[in-house]
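Take a look at this one; I'll ask things after.
Note that the chains take the letters A, B, C and D in the order they are written out, and that residue 1 is the start of every chain.
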Amino acid sequence: MSDLSLTILLASVLATAAPLIIAALGETITEKVGVINLSLDGSLLLAAMVAFMVAYESGSFTLGFGAAALTGAVIALMIGVFGIYLGQLQVAVGFALTLMCKDLAYFLGNPYSRLQGPQLVAQPIPGLADLPFFGPLLFQQPLVVHLSLLLIPLVWWYFYRTGRGLELRAVGENPEAAYTRGIDPRRKQLFYTLVGGALVGIAGAAFSLGIKPGWGRPQGIEGLGWIALAIVIFGGWHPLKVALGALLFAFLQVVGITLQSLWPSVPAQVFQVAPFPLMILALLLVNLLQREGVQQWLRHRPGLALLVRQLQGRPPRALGQSFRPD
Amino acid sequence: MQIELQQIHKHFGKAHVLKGIDLKVDAGSIHGLVGENGAGKSTLMKILTGYLSRSGGRILLDGEEVECETPAAAAALGIGMLYQEPQDFPPLTVLDNFIVGRDTHPDNHRGRQQARLQNLADQVHFNLDGEAQLEQLTVGERQQLEFLRLLGRDARLLILDEPTTGISDRQKERLFAALHQIRDQGRTILLVSHKLEEVVALCDRVTILRHGEVSGEESAPFHIPRLLALMFDQSPATDAKPQRRAPGDALLWLRNLSASGERTGLHDCNCTIHQGEVVGLAGLSGSGQGLFLRLAAALVQPTAGEVEFHGRSLNRRDHRTMRRLGGCFLPANRLEEGLIAGFTLVDHFTLALRCSRREARAAAERAIDKFRIRGTPDSTADSLSGGNQQRLLLSLIPTGANMVLLENPTRGLDVESAGWVWRYLRKHYAGQGAIVFSSAELDEILAVADRVLVFFDGRVVRDLPMDRVDYQDVAAAMTGN
Amino acid sequence: SAEEVTFGMLLVGPHNDHGWSQAHYEGGRYVEEKVAGSKMIYIDKVNPADRPGLTIPMVVDDLVDKGATLIIGNSDDMKDGIREAAAQHPEIKFIHISGDDVLTGKAPANLSNLMGRMEYGKMMAGFVAGLTTNSGKVAYLGPLINEETRRLAVSSYLGARHAWTQVRGKPADQFRFKVSWIGFWFNIPGVTADPTQVARNFLDTGHDVVLSGIDTTEALIVADQRRKEGADVYALPYDFIGSCNSAPEACLGVPYFNWGPDYARIVRGLANGEWKQSWTWTNPNWADINDIDHSAIGFVPGAALSEENKAHLQAFIDDLGSGKLNLFSGPLNYQDGTPYLQAGEKASDKQIWYLKQLLEGMEGASK
Amino acid sequence: MPNLRQHLTDTLLILAIVLAFTALLLAIVGASPIEAFGHLFKGSFGSWSKFSRVLNVWIPLTLCSLGLLYAFRSGLWNIGVEGQMVLGAIGAAGVLRWGVDSGNPLLMLTLALLAGMLLAALWALLAGWLKTRGGVHEIFAGLGLNFVSMGIILWLIFGPWKRPGIASMSGTEPFPAALWFPTLEGWRVSPFALALTVLAIIITARVLNHSRFGLNLKAVGHNPRAVSLYGLSPQFYLLIGIIISGALAGLAGGLQVSGIYHRLIPAISSGYGYLGLLVVMLANFRLLPIPFIALFFAALNVGSIQLPMMMQLDSSLSGVIQGACVLSALLVFGLRKLKRGRNP
């Protein structure tokens, strides 16, 4: 740790977290409107492949990112049509898509394996890049990092400060009630599922064009989709906490490497697997805290109760259920 | 706005719930809609707001036919509804709940909306904190908020489905004053209620529904006994009641029992059930009877107080303990809580009797015979008609049961079958134990029970032996008088 | 009279991985080109993660069905499977790459071991790294820990230290050599450390040359990214002659395997009916290590290597080739301070092959 | 039999969609669909040795799918099968390591399978407990535990159980041949494992469709609210369901160790747990089609190796076909549901 300056460490955390933040926020949007897109692990991979393929062939980042967003949205469309309109279990559709997209990515991406392709690099922003601390932290980063950082307040603002965001949350909580108030819940759900899917696609592109540039087998992002899903829960479906969760995960990853050299006797797997038990513990905690007994106990401890409330997150009530008007 | 409904029909699957309703509401009037539980009032109103589709019939507004296919379309036509079950978003704040929706002011400025909410609340002297979480509010307060939303809309027709659940008398007065004011502005109000005195106080005209049909229409001034007669079937006196026996030993104690749930919760309930008693629980639906039965069956845990059965406390126990000691519960929503859709009669008997399939088949055949279930041992529960589902449930009561808790046991049975069922239940279970049942039909209770508990707003307001029961008095107590 | 030989190739990774497996694949293609009548059938991604349920004996059955008379298994991981298959098909010949079954005597007579002396390649890579580093901090991105990976890391270290102290004449205590193991040959999120992350971490902590010991090219890519951002850092990939192509500007060179000549020799032998069980650890062709027709391993200097250092490298190679220089000579201690080689002692093949720990002076886990 | 006809049309419809989709994909990469399907078929059913290889995949896949069926019956999405299989393998490997010198291979093999089942069942119980007591959704509990089990197996292989001197992906030291399940001459599949799987199918058929326990389990899955009225504890059956699910996955893991790989390797579960989920979904959660679908999927897995060998195509096509099967099934079932809803 001694060799590593705090700035560099944090800058590295931000860079690592960027695609995760984008993907997790995309999934947050999807789940907030009541749809669960379980296909993230496959979508990320397929989108990463498509982004690389398109950017490689066209030389254009814009096209690469666009194609990836489209890929994510198309996958989300399947979830939407099957899950929302045909009333199939969203989890089943998502799971099948996860496995299929992964294989599809490797099948179609095979010719593009390990080619030198375009990659986004950090663009020091003139003037700002030389600031002490904030310069290296924020202004010598690739664009995706800025995108991820902008997205956090943006999603928060959209959720909690706009009318459409309010509708989005309302649909996720109670589609029937939203329907009685003149909102078409299924259209909303489909729309935001597509938006969320597109963001997941962009996250995939952020990997293959920026953070872990290139395409090949193994791509090195397998499993991150599950992690992103876990982070959404860990973050209690709140964009700020979700982003914090992604940053925490990235921090664990970055610091884990340093820690590994500090404690060589601890197997590397321990640091890598840590986020999963942590996620389970977080979920367990949230649920146990909602127990009547615990709540009563907390009633006499307002400080603690406040902390617990901050920790708590509740899934949107209608998550994963399909609404069908009569 | 003048509303005319012509020959409205509604089927839910095979159930024919509305059987050709004609209804005419004059512009600028308050029109009441009354009827017993399940008469079809809410269904009719939901059709009018486009929440439910109709199986047949026409809707005319000011003489012009309209479609009303979705709530959005109805809102555009100026129809607004306060639903019986609050259609809101508990995890959001009060203000968010006030704002959300395409049916109202398209203004998302929180400051202005807060001011509007405040303004509306002041008009009817309601008191709501915009920043509070909705889930911390009582159902009554949630209804108030919904009402304010409705008030704030330019709706020309306001439909209120049971708007006075859980609000205080003072607030009720204000609400009524507001309703009069709205009517005087020329808007039309459709009021659905059980509480006859409210209807009487407010309405210009009342339509009575019974079993999905219009059973009568009355104009002010109203005669309450006549309304009651139109609402409820005056079933021929059932001969189910044999000689009243003296109650035996106490079987079930409920002490200072409170619980949350249903619409009203249950508050501080005390009573003892003795062997040989048939106890009827009277009250409007959702006044606490269901919770009472579930607490007694140890399906719900109380927040305070204690249930004791055969001398054993049921707190922290589940229904299995109750069942081992001879308890048995039959829920009203048969397919949700009682039967297992997709399971055949034989399956059900196998589950209930814990026996081999051969024995279960024999039992199922016997039950089909005895309870006149229209089906075969291999019919699935969901393919049975409502009435036959009820017969199946009844046939599943273990022979040795000594505490039979029944929620609306004869719902969906015709009068004759109901009579048979009561003779059967009395003969087999009243002797060896007690029967506690709720019913939406007061006549049934009066005809069958030895003792009546009257529920109102989550409290037992009367506990009367049969010889002290007076129909008018119980009906009045049920509606809060 | 020569027979036509069909040989089967089991590749542990994708045939186009720009790494270990591709090197073998190209070796096979070389044989097809050079040995008349020879034909390769390959299966890539022969590992249980990529091909669930697949075992080596099964694939071998399949290849034998298709007419293969020689089977080459290119991964250490295939050790047990190859041995099992060899026992089941005594008439078929087997080559296990990087194994030691012949040494340990476990191999049936139709199984040979083959490996190139990549130690020299790694010494060259280390040497170049030691020449180039400004900070004196060189990093090694290791896969998992075993004898092979240890000896390759140690070779790199020896080469780098030699360049630093002997060629550049700098004090040994200003030289740092750090090894981080990701836990696997490539990244498995949630299971291994992320090599991209580890490489970044190296560069963030002042290392300016990263030697890669894993199958994939993360180290080079990260170095290239950092160069584009203005940092003066380099990397050396591993395994495959074309590895530098994915980021030439950051590449100091690549030590690579050239399996063609060995394979061609064996296939030719088989065509003539010759087979002798052997444990072969092939030297480079010192006359020209990059002679595709004769050298088992080579080192291609990268575009980023300065002309001056290229000259130093050539001299280094010449010294290694002539035997003037032997980096595996004592005194050398293991990492825990116990002696590995006494002063003046030169390591035997077995001492190198079965290297028990990293050496004193290297940071990082030995076990 | 309108029911049978409907199943048949559904199946044909699904197959048609999948064929069209796959042909399209192959056309995109410029390969001949006929040739590809031909290779897939010949690669899996072309010879006894190939078919026995298919059976080797079929065994664990079927076991996992059967297990999943128990969990689904009780209403749980046991996505943790993958990890349960890993734990089963660990349990079996642990016993075999311990019993290498026991001189009683039969006992050791039996113990190994039992230990694998037990360990996997406990691992499943943990997920079930998290669900019933902790309120953690079984999908996330299961997934999290899958990753943890991956961590455990790697830690064992690269740590305490590593081969003397080295640690590698090839796993632990192989067990002596005495501790392998014997195979018949020319076959690569252990008749014992095959018999065990068939037995599991028969037992599952009896238990799920003809026993009171199966009925209770199904009742809990159908209507957890109602079952307490019949004196059943829904929580108990949820746990039992997932435990059996885990035990069968553990058996599959144990067989992988003792019958296929003869050692513990990192990828011991081979993704059969996840694939099993697809099998069960495609079977529409019914038992009867499971062995056949599992056979089909196993054949795809095995036959797909021919694609890179003969056509330079990536073999992940098999996974794409499997996924496409499930998705088109969901589509067909969904459309049917919609149609039923429209005109009851």
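Heads up, the rule we're going with is that a contact is a pair of C-beta atoms (placed from the backbone, for glycine too) under 8 Å apart; a residue touches a chain by one contact, two chains touch by 3 or more.
As the structure is a prediction and not an experimental result, all values here were calculated from the model.
Distance from chain D peaks, on a Cα-centroid basis, for B. Counting C-beta pairs in contact, the pair that comes out ahead of the other among B-D and C-D is C-D.
Rounded to a whole number, the gap between the C-alpha centres of chain B and chain D is 48 angstrom. Computed from the mean C-alpha positions, the centre of chain A lies at a distance of 38 Å from the centre of chain C. Taking each chain's centre as the average of its CA atoms, chain A and chain B sit 44 Å apart. Shared contact sites, meaning residues of chain B that touch two or more other chains, are absent.
In chain A, the residues touching two or more other chains are 110, 223, 226, 267, 269, 272-273, 276.
Residues of chain C in contact with at least two other chains: 45, 183, 190-191. Shown are all chain pairs that touch, namely A-B, A-C, A-D, B-D, C-D. The touching residues of chain D, counted against chain B in their complex, run 210, 212, 215-216, 218-219, 222-223, 225-233, 344.
Within the complex formed with chain A, the residues of chain B that make contact are 49, 51-53, 70-72, 75-76, 81, 83, 86-92, 96, 99-104, 106, 108. In the complex of the two chains, the chain C residues touching chain A come out as 13-14, 16-19, 45, 50, 178, 180-183, 186-198, 200-201, 204-206, 216-218, 221, 225, 228-230, 245-247, 363-365. Considering their complex, residues 25, 28-29, 77, 79, 130, 134-137, 139-141, 143-145, 147-148, 150-151, 154-155, 158-159, 274-275, 277-278, 281, 313-314, 316-320, 322-324, 326-327, 330-331, 333-335, 337-338, 341 of chain D touch chain A. Every residue of chain A that touches chain B in the complex is listed here, in rising order: 162-163, 166-167, 169-170, 173-174, 176-184, 314, 317, 325-326.
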